[in-house]
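Naming follows writing order (A, B, C and D), and every chain is counted from residue 1.
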Amino acid sequence: MVLTRTFDEKAVALQRTGRLGTYASSLGQEAVAIGVASAMRPEDVLLPSFREQGAQIWRGVALKEALLYWGGDERGSAFKEQKEDFPVCVPVGTQFPHAAGVAAAFQSRNEKRVAVAVGGDGATSKGDFYEALNVAGAWKLPAVFIINNNQWAISVPRSAQTAAETLAQKAIAAGMPGAQVDGNDVIAVRDAASRAIERARDGGGPSLVEAVSYRLSDHTTADDARRYRDEKEVSAHWKEDPVARLRTYLVSQNAWSKSDEETLIGECVQAVGAAVDEYLSAGVANVGDIFDYLYARCPPDLAHQRDEAVAFARESDDG
Amino acid sequence: MVLTRTFDEKAVALQRTGRLGTYASSLGQEAVAIGVASAMRPEDVLLPSFREQGAQIWRGVALKEALLYWGGDERGSAFKEQKEDFPVCVPVGTQFPHAAGVAAAFQSRNEKRVAVAVGGDGATSKGDFYEALNVAGAWKLPAVFIINNNQWAISVPRSAQTAAETLAQKAIAAGMPGAQVDGNDVIAVRDAASRAIERARDGGGPSLVEAVSYRLSDHTTADDARRYRDEKEVSAHWKEDPVARLRTYLVSQNAWSKSDEETLIGECVQAVGAAVDEYLSAGVANVGDIFDYLYARCPPDLAHQRDEAVAFARESDDG
Amino acid sequence: MGEITLVEAVRLALARAMEEDPHVIVLGEDVGADGGVFRATEGLLQRFGNMRVRDTPLSESAIAGVCVGLAAQGFRPVGEIQFMGFIYPAVDQIVSHASRLRNRTRGRLACPMVLRAPYGGGIHAPEHHSESTEAIFAHVPGLKVVIPSSPSRAYGLLLAAIRDPDPVVFLEPKRIYRAFKEDFADDGSALDLGRCFTLREGDDLTYVTWGAMIMETLAAADDLAEDGIRAEVIDVATLKPLDADTILRSVDKTGRLVIVHEAPLTGGFGAEISARVAEGALASLLAPVRRVTGYDTVMPLPKMEHHYMPSKVRILKAARETMEYA
Amino acid sequence: MGEITLVEAVRLALARAMEEDPHVIVLGEDVGADGGVFRATEGLLQRFGNMRVRDTPLSESAIAGVCVGLAAQGFRPVGEIQFMGFIYPAVDQIVSHASRLRNRTRGRLACPMVLRAPYGGGIHAPEHHSESTEAIFAHVPGLKVVIPSSPSRAYGLLLAAIRDPDPVVFLEPKRIYRAFKEDFADDGSALDLGRCFTLREGDDLTYVTWGAMIMETLAAADDLAEDGIRAEVIDVATLKPLDADTILRSVDKTGRLVIVHEAPLTGGFGAEISARVAEGALASLLAPVRRVTGYDTVMPLPKMEHHYMPSKVRILKAARETMEYA
């Protein structure tokens, strides 16, 4: 969680100084990402939205890769480690049907693996969310759907998004169990996610977990939440900051000291700093790359266009 | 209901003899159509699927219009009477968002009218079904969503369509009430629909009604249900035939006699027969019609194409 | 003519592909016990079981999205969209995901899926059942778009599409599902994607077309032959990636081009073919290029359908007018 | 240059339309308190209240479908799709319903709705935020497709689109939302839909383009002028229905045509324009038609975006090569 937060802070700073693209911070929602990711096994597959960098990093996506992606470079989704995980999904809710497909693959192969898709509260309004849950339910797929309910979809508050009292109850429409959990309590999230994931792994079918957190940041670096959200609401929610809560708990258990904290922060800052250096020195990819990965084999017509683009780039000393 | 059944029978016969297009009979589901339509006020708006001819006819769509539509003539959707009702909706589930829009219009104008959309059990798997319910719930719209659960979506039985135990419970996902009713009992359907409609009219918001009936016919005249459905299942369901049930009930109340029945059937046969005559003598529309209603004003380019089509039709003596 | 109809060819190709590769999975509405509303998947459930032949809920977006997930996992899903008119809910998954997965992950995840759909008009089908919007998909980078126009080509091209490592939208002209038969061996040989088929050679004029329009066009070419006009007839077959060379070579030879398709004129794929010629064979053109297409209006309901569909008469007339240029 | 940016012009036109017609309703994601992610709807909620400025749940298909229902009831809904990349889930409602409602009911129900979406690339936006798939919509009978390329045209065309009795897809080139300003009166005067704007006259060559590409193209025309080549620059503005006459007249005059658009080449709307010329002005052509477009690949993430977008250099080069034909 601390690593995620450190990463987020740095990413926002890079964006502010023009060295990263628009960025969606997960400030205040780290417990959802980490609780879920830590409940997964490596061989499970994660299908994240654009706010689950914490989960991605936990699972082995390199910090540098995450920076490349948000910096506008496709190489950031060519994960070296988590080769089967899906990349960041920007069109809201579209990752859920993929999770059903991945889970169907596990089911067809009789593998004890689980597809875990994560989306926001806003994503629960999409047809794709519902179609995916319904298919997963009908086929009893090993899939888990996590809703990171940070209570806002850009400027639309959770209450305006749906008349459903909870998002967890949306599971009922698909005939699967739904659970709501305190998304600022990493232990609770991990517990709820584990139950859902192990249930799916054991052939018990899919389920939905709503983790209730809060978006302490703007929607993205392109957003100014003060236009639509009361600052007081935000400050009130700082009291539930999942990182601080975990520290309080650990301290109360005598399991965490000032020096532990300094060490951890130091390590995180160091790791993020190193990743930023790698990212900034990654250089640009080849122009040809924008053609070379579209199909397994570049069709002749496209190869012709590739030549043209490469030639233009060379002419302008930019290839 | 008897009129609907007479109409269905005649329509299937016309199709079999090449005088009508593919037709979706509502055999066995008449109580849903009539129960719902009779619960609506004239000023409400009906948004049907392709199996609600009973409701359309009840509301004033002419038998001849219904025949024209199924006979492949757009004039069949130019209702003379129910000018605000939506035409038959073929793409499954797409009528539900329209109902939300119509209801939003009523809400914006502060009118005490209700939009009533009807779809099948299969339609509940569509994203549009869910998105529409969710919007209707969030905006508290005067809309009622009726599911005519005839237990089959072509060859897919209700049990394979979704893991949800009932379709009514899908309402919970949108934060609205859902009710399940015996769809073979026209009085019960009317009662459930009335409650939902009057609730919506009085500002109580949207709701969902699942009417459980059974498709006694093939899916359409293009289908042969014996490929996938046990004939025994079908014959068992004939016991619940809503028309016979209503007769039994009326007879038991001494409210219905053999001669009432003969008169009614005679009237229905006569009405359908007259409509068939009208339909068969309706003649073909003008070729130009395929262009003239696309836009309010025909753009020059299209007018040119129109001229061409008219000329070709004239050449082939078919204009 | 031989024994196999186009729809049977589709079924044979599906069975063959499933036989040879356990990763091939068929899914869609009514593909199981019903065998598909056109019987294209008949018998597959019985033969390959319900893990490989999956009836889906009525959810086109999920069908496409599930295919993406399966494909990313190394399966070769063949999704069926019951009619092309119902493919639109799946457009987001096709355009935003299927077509991009390989590119956006720089090859880490691939998407070898096929989405089949019966397409086109002319069979007096109900509203929304006669769509031909192939141009929409042919515009999308990362897709392949294939339209067979005979049983043998349906067989060979579908096998190729299933074996292809990238996503293919495979549109089956349902008007000729059972219009004629061909004799060919069910031996698993695929045809190449990405090349046109020259169905008839000629020096005087080039007809370019695809799908069910092949029938009317070949008939028009027959009529022209009686007048001593030798028309070349090219079946594009793969709209994307387009084999422009075959078309350009033909136009270089004939100097006259008539494009025929069923979809509306404006923005139809005929425009792309015409544009390629205006770029690559302009100097060869002896007459303006002509397009004989559906009109820029909605496909009418059955009673008026024949006024909309390009007829042999229209196809002939365009050719004759083209021949009048010196 | 004056005071008003393109995005402000959109807002002025919306406010004006809402002022003059109580049936105009604005709806979409974040159009209310937030005033739209680009501020195109800023202040409207405060001014017109939440029955006329409706924040929707995150449901694009519902946005389009609700517009259909509202329009059938006599309202004039203006739906916002936050970015064109998120319009795909609404394609079914647009293609199957909005575009057809009038035709399929023989005029009984109409569909006077506008669907606005910021479109195009060049602003270093995240993945899926730089789409330009206007050709898809321009192929659909019953729609109108409008793309303004300056503040004053945005104002006049949006007013026309809202007042139009039929559905309009209105695509706003976000790259030039704030790129330059114009001075014009907010007096409610609309511009005609369905005609091209000739932005610059010239006898030597015709450039045809739309949207943000107008900027690069005008710059290229400036450069050509320095060499004594007088390029005519036509802003298509309404892709559907297309004003082919203006284009044909220009090509008849210049004999040379370069089409510029940002969308991928194959099946882009440039193909349609080229095809019209190959049909209607072939004899006037002195050189092959050229299309300078995005490549047939997915719009790259920001780092590579500039390689994809047609640049002034590419636009110039095509014109110069075209001029070389005698």
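Methods note: contacts are C-beta pairs under 8 Å (C-beta built on N, C-alpha and C of every residue); 3 or more make two chains touch, one makes a residue touch a chain.
Computed from a predicted structure; not experimentally measured.
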Chain-contact steps, minimal, separating chain B from chain A: 1
Centre distance in Å when chain C and chain D are each reduced to the mean of their C-alpha atoms: 30
Centre-to-centre distance between chain C and chain A (centres being mean Cα positions), rounded to whole Å: 38
Between chain C and chain B, distance of the C-alpha-averaged centres to the nearest whole Å: 34
Interface hub residues of chain B, defined as touching at least two other chains: 74, 91, 125-128, 131, 134-135, 138, 160-162, 289, 294, 301-302
Residues of chain D whose C-beta touches two or more other chains: 57, 59, 61-62, 85, 88-89, 92, 96, 103-104, 127-128, 141-142, 242, 266, 295-298
Pairwise touch network: line, ring, star, complete, or other: complete
Residues on chain A engaged by chain C in the complex (per definition of touch): 45, 74-75, 77-79, 83-84, 86-87, 91, 94, 96-108, 115, 127-128, 131-132, 134-135, 138-139, 289, 293-297, 299-302
Footprint of chain A on chain D - complex, ascending: 29-30, 32-35, 37, 55, 57-59, 61-62, 85-86, 88-89, 124-129, 265-266, 295-298, 300-308, 311, 313-314
Touching residues (chain side chain C, partner chain D) in the complex: 61, 85, 88-89, 91-92, 95-96, 99-100, 103-104, 127-128, 133, 135-136, 138-142, 240, 242, 263-264, 266-272, 274-275, 277-280, 282-283, 285, 287-291, 295-298
Of chain A, residues touching chain D in the complex: 21-22, 50, 69, 71-74, 88, 90-93, 122-123, 125-128, 153-156, 160-162, 222-223, 227-228, 284-285, 287, 289-291, 294, 301-302, 305-306, 309, 312-313, 315-316, 318
Residue ranges of chain A in contact with chain B within the complex: 125-128, 130-131, 134-135, 137-138, 140, 160-165, 169-170, 172-176, 205
